Amino acid sequence: MSWSRDEMAAKAAEEIEDGFYVNLGIGIPTLVANHIPADRDLILQSENGMLGMGPFPFEGEADPDLINAGKQTITELDRTSYFSSSTSFAMIRGGHIDLAILGTMEVAQNGDIANWMIPGKLVKGMGGGMDLVAGAKRVVVITDHVTKSGAPKLLKQCTLPLTGQGVVKRIITDLGIFDVKGEGLAVAEIAPGVSREQIQKATDAALLAWPDKELA
Amino acid sequence: MSWSRDEMAAKAAEEIEDGFYVNLGIGIPTLVANHIPADRDLILQSENGMLGMGPFPFEGEADPDLINAGKQTITELDRTSYFSSSTSFAMIRGGHIDLAILGTMEVAQNGDIANWMIPGKLVKGMGGGMDLVAGAKRVVVITDHVTKSGAPKLLKQCTLPLTGQGVVKRIITDLGIFDVKGEGLAVAEIAPGVSREQIQKATDAALLAWPDKELA
Amino acid sequence: MKKKVFGNATDALAGIATDGMTVMAGGFGLCGMPASLIEALRDTGASALTCVSNNAGTDGEGLALLLSTGQIRKMISSYVGDNKLFSDLYLSGAIELEFCPQGTLAERCRAGGAGIAGFYTKTGVGTVNAEGKEIREFDGVPHVLETGIIADLALVKAEIADEDGNLIYRKTARNFNPDMAMGGRMTVAEVEQIVPAGSLDPDHIHTPGIFVQRVVQSTRAKRIEKLTERSKEVAQ
Amino acid sequence: MKKKVFGNATDALAGIATDGMTVMAGGFGLCGMPASLIEALRDTGASALTCVSNNAGTDGEGLALLLSTGQIRKMISSYVGDNKLFSDLYLSGAIELEFCPQGTLAERCRAGGAGIAGFYTKTGVGTVNAEGKEIREFDGVPHVLETGIIADLALVKAEIADEDGNLIYRKTARNFNPDMAMGGRMTVAEVEQIVPAGSLDPDHIHTPGIFVQRVVQSTRAKRIEKLTERSKEVAQ
């Protein structure tokens, strides 16, 4: 048994401290917003120019002038502010975003991340990804532990073109939680029912340490 | 007979085309606003963060939040906009100000200008002067032709620390109008009753050309 | 006062669209995109354009209008997905593409407009985006040198303009528009509403009129690219 | 939600004023200057401060409060006239001064806050301000490299704050405040009015709350530095 996507998102939500300004990437990271503990408050940034992003609009209430970075229609909250793209990335690049939670194709034991292009395949572009990983105070990755074909995604070294160098601090997968330690990953938590051997087999990156207490 | 300060300001006002965005320095340049031809409209920029600067307030109507770059109380117009200092100097540095009209201590035949400090005397600072001379599309200087002690202010080379290098395009003095030509100044106009000899005597810079028609 | 308000988008671009020029176009996808002006730019026939825009339009919308006529020689963008026409042109070698991280792109437009010729950022260090660019350490951290972009023409979309060209944007339709308004030597704004001078609170103006040379009423309706809604019943 | 609103200026600076730190203070002269916070900073006794501010206060007002107690080691300013106390300290060697052109100063504060480590500007090329700095040509035009400034503490003044720290400025009291709000690792805003979350139009907010960690009600009246008026009789 490993963690579901919602359980991974819930684990990532524990990263969030009260009052944090957070940017959530597309995919599993968007689920994080559903798992915020009740005693904590977070402000979501959307890099197209908004702080205080609200949920999707009710049917018939969508506003063409109000979208998120995935170009989906959204809503505003009573704390929302709007600003230009340059100001939005001033926040990101200047280290004002407390936490960015992103998906990835590959992540390496030194914190390198590759999540924007596969050579030979059609390239869509890095969007704001390179800015986010370089600028946010803390970058956490949520990803399946292996690719659809079963290949490890937590690597000694990325094979795909990088999005950022040495930027990821923590990796949350369906099998566990991993902290980047430069020369390898320290396993911070193991999903229930998952064995050390299972993780070792599914991981290319060096595993330097294991949690004192393992959930079984 | 030479030009009065108001006549110098009126000459400078002829520089202004309809719709120009203009920054006026302190001293004689502020008089320019009183001499704008009726068929032309200009928008005054105040580098502390305002476009569309109005006149001084009526007695009892001054607003502490509304001042010009000389820290004097002023008023707004129906076209006014306010912005931050960085945006204000983005306008200036980015070449969006059509014309800056400034006073000076010295100006050289290559367009160098020195108007912010005298070594040995107490230095107040360059304020926005270095930004203005480097950034405005066109820089025109209005100045008395000589210092209070009679020394020339239009020089082969500035002796005081520079505010900007090769930036001044035209110099308007009480004796005439002078265009910067790199190797010297071309006299564009001579004030009524002023002789070539009088100008030559009062000028250190090389004088390369004289107007076809001299007012006498 | 020199008149900034033009009667229609065609007039607003009269005499300022030339072959080979660099054009900035605001918008994030279709949101805040100057659709009427892009259409008018297509109709000028200006070719070999370098287009600076976060995206390349969607199929049949926005810059795709200029892609389908072959007027664009090069795109500078952060994301060109959602656009099959662009893919085809790119894969066939008919168009050049310079990827630029989104934040770097916005900053480059602002920088060009602000007289900042170049700036150092951590974004993209160690990636293909830094290849061939100067790397310099500040406080021991490597940064890459990026340059400001000045466009011959910037097309922007705002909600309201006054007769002096002062602009107010609405919600996330603001995005790149203020940065590109600064970055254009000639900036033309397309707006939902044009009001007389003095109608806007001077503290609410997002783009001061000095950055805007021409203004025109928008004639194309706002469009939604990815309608995403939730049901009222489920939520309650 | 983490509370940003503090009861008074002393509390708002509690635990964040340390010897040797760099402090930005907004304002253009007395206009838009955080007078209550500067007074509270004086009362913390923090010394050996580097102060980044366009001016050094006037006699008895603003940063002059910190000058008179000897708490400032160094000023980074564009203009320090109008201030005899500063002159005396400077001439006696008791204080260090780094002049910075006004626009470069504003841009350096914004850059620090925006993660721009350095930028190239034409301003100051060929002057003492460029001495010892790198000069580089862009398109044949020499530019000087200036660096971003990050302050340990930024003190700013706004007209209105909401509980989330979103700020709105009034008229030319805006000046350096938005740039310094960005440039501070810790930014404290002093305002005329504090309103509940949701009171402000999100399109009117000048400084989003992410740049503001603490908010406090201003207790010092706005002052006019150079009252300049015209007579109604003469004008009519």
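Per-chain residue numbering starts at 1, and chain names A, B, C and D are given in the order in which the chains are listed.
Keep this in mind: a contact is a pair of C-beta atoms (placed from the backbone, for glycine too) under 8 Å apart; a residue touches a chain by one contact, two chains touch by 3 or more.
These numbers were taken from a predicted model, which means no experiment stands behind them.
Student: Of the chain pairs B-C and B-D, which one is connected by the greater count of C-beta contacts?
Tutor: Output for the comparison: B-D.
Student: For chain B versus chain C, what separation do you get between their C-alpha means, in angstrom?
Tutor: Result: the chain centres lie 36 Å from each other.
Student: Roughly how far is chain C from chain D, going centre to centre by Cα mean, in whole Å?
Tutor: 32
Student: Can you check how far apart chain A and chain B are, centre to centre, with Cα atoms defining each centre and the answer in Å?
Tutor: 55
Student: Find the geometric centre of each of chain B and chain D from their Cα atoms only, then give the gap between the two centres in Å, rounded to an integer.
Tutor: That gives a centre separation of 28 Å.
Student: Specify, in ascending order, the residues of chain A that touch 2 or more different other chains.
Tutor: Correct list: 76, 82-83, 86, 89-90, 92-93, 134-135.
Student: Where in chain D do residues touch at least two different other chains?
Tutor: Within chain D, the residues that touch at least two other chains are 107, 110, 114-116, 121-123, 169-171, 174, 202-203.
Student: Quick one: which chain pairs are touching?
Tutor: A-C, A-D, B-C, B-D, C-D
Student: Spell out the residues on chain A that touch chain C in their complex, using ranges where they run on.
Tutor: Touching chain C: residues 46-50, 55-68, 70-74, 76, 82-86, 88-90, 92-93, 112, 122-131, 134-135, 161-166 of chain A.
Student: Give every residue of chain C touching chain B within the complex, in rising order.
Tutor: By the definition above, chain C touches chain B via 1-2, 110, 112-116, 162, 164, 166, 182, 197-198, 200, 202-203, 205, 208-211.
Student: Considering only the defined contacts, which chain D positions touch chain B in the complex?
Tutor: Chain D reaches chain B through residues 28-32, 54, 77-82, 87, 91, 99, 101-107, 109-110, 121-129, 159, 169-179, 206, 222-232, 235.
Student: Under the stated contact criterion, what part of chain C meets chain D in this complex?
Tutor: Per the touch definition, chain C meets chain D at residues 107, 111, 114-123, 136, 138-139, 141, 143, 147, 168-171, 174, 202-204.
Student: Taking the complex as given, what residues does chain B use to touch chain C?
Tutor: 18-19, 21, 41, 43, 45, 51-52, 76-83, 86-87, 89-97, 134-135
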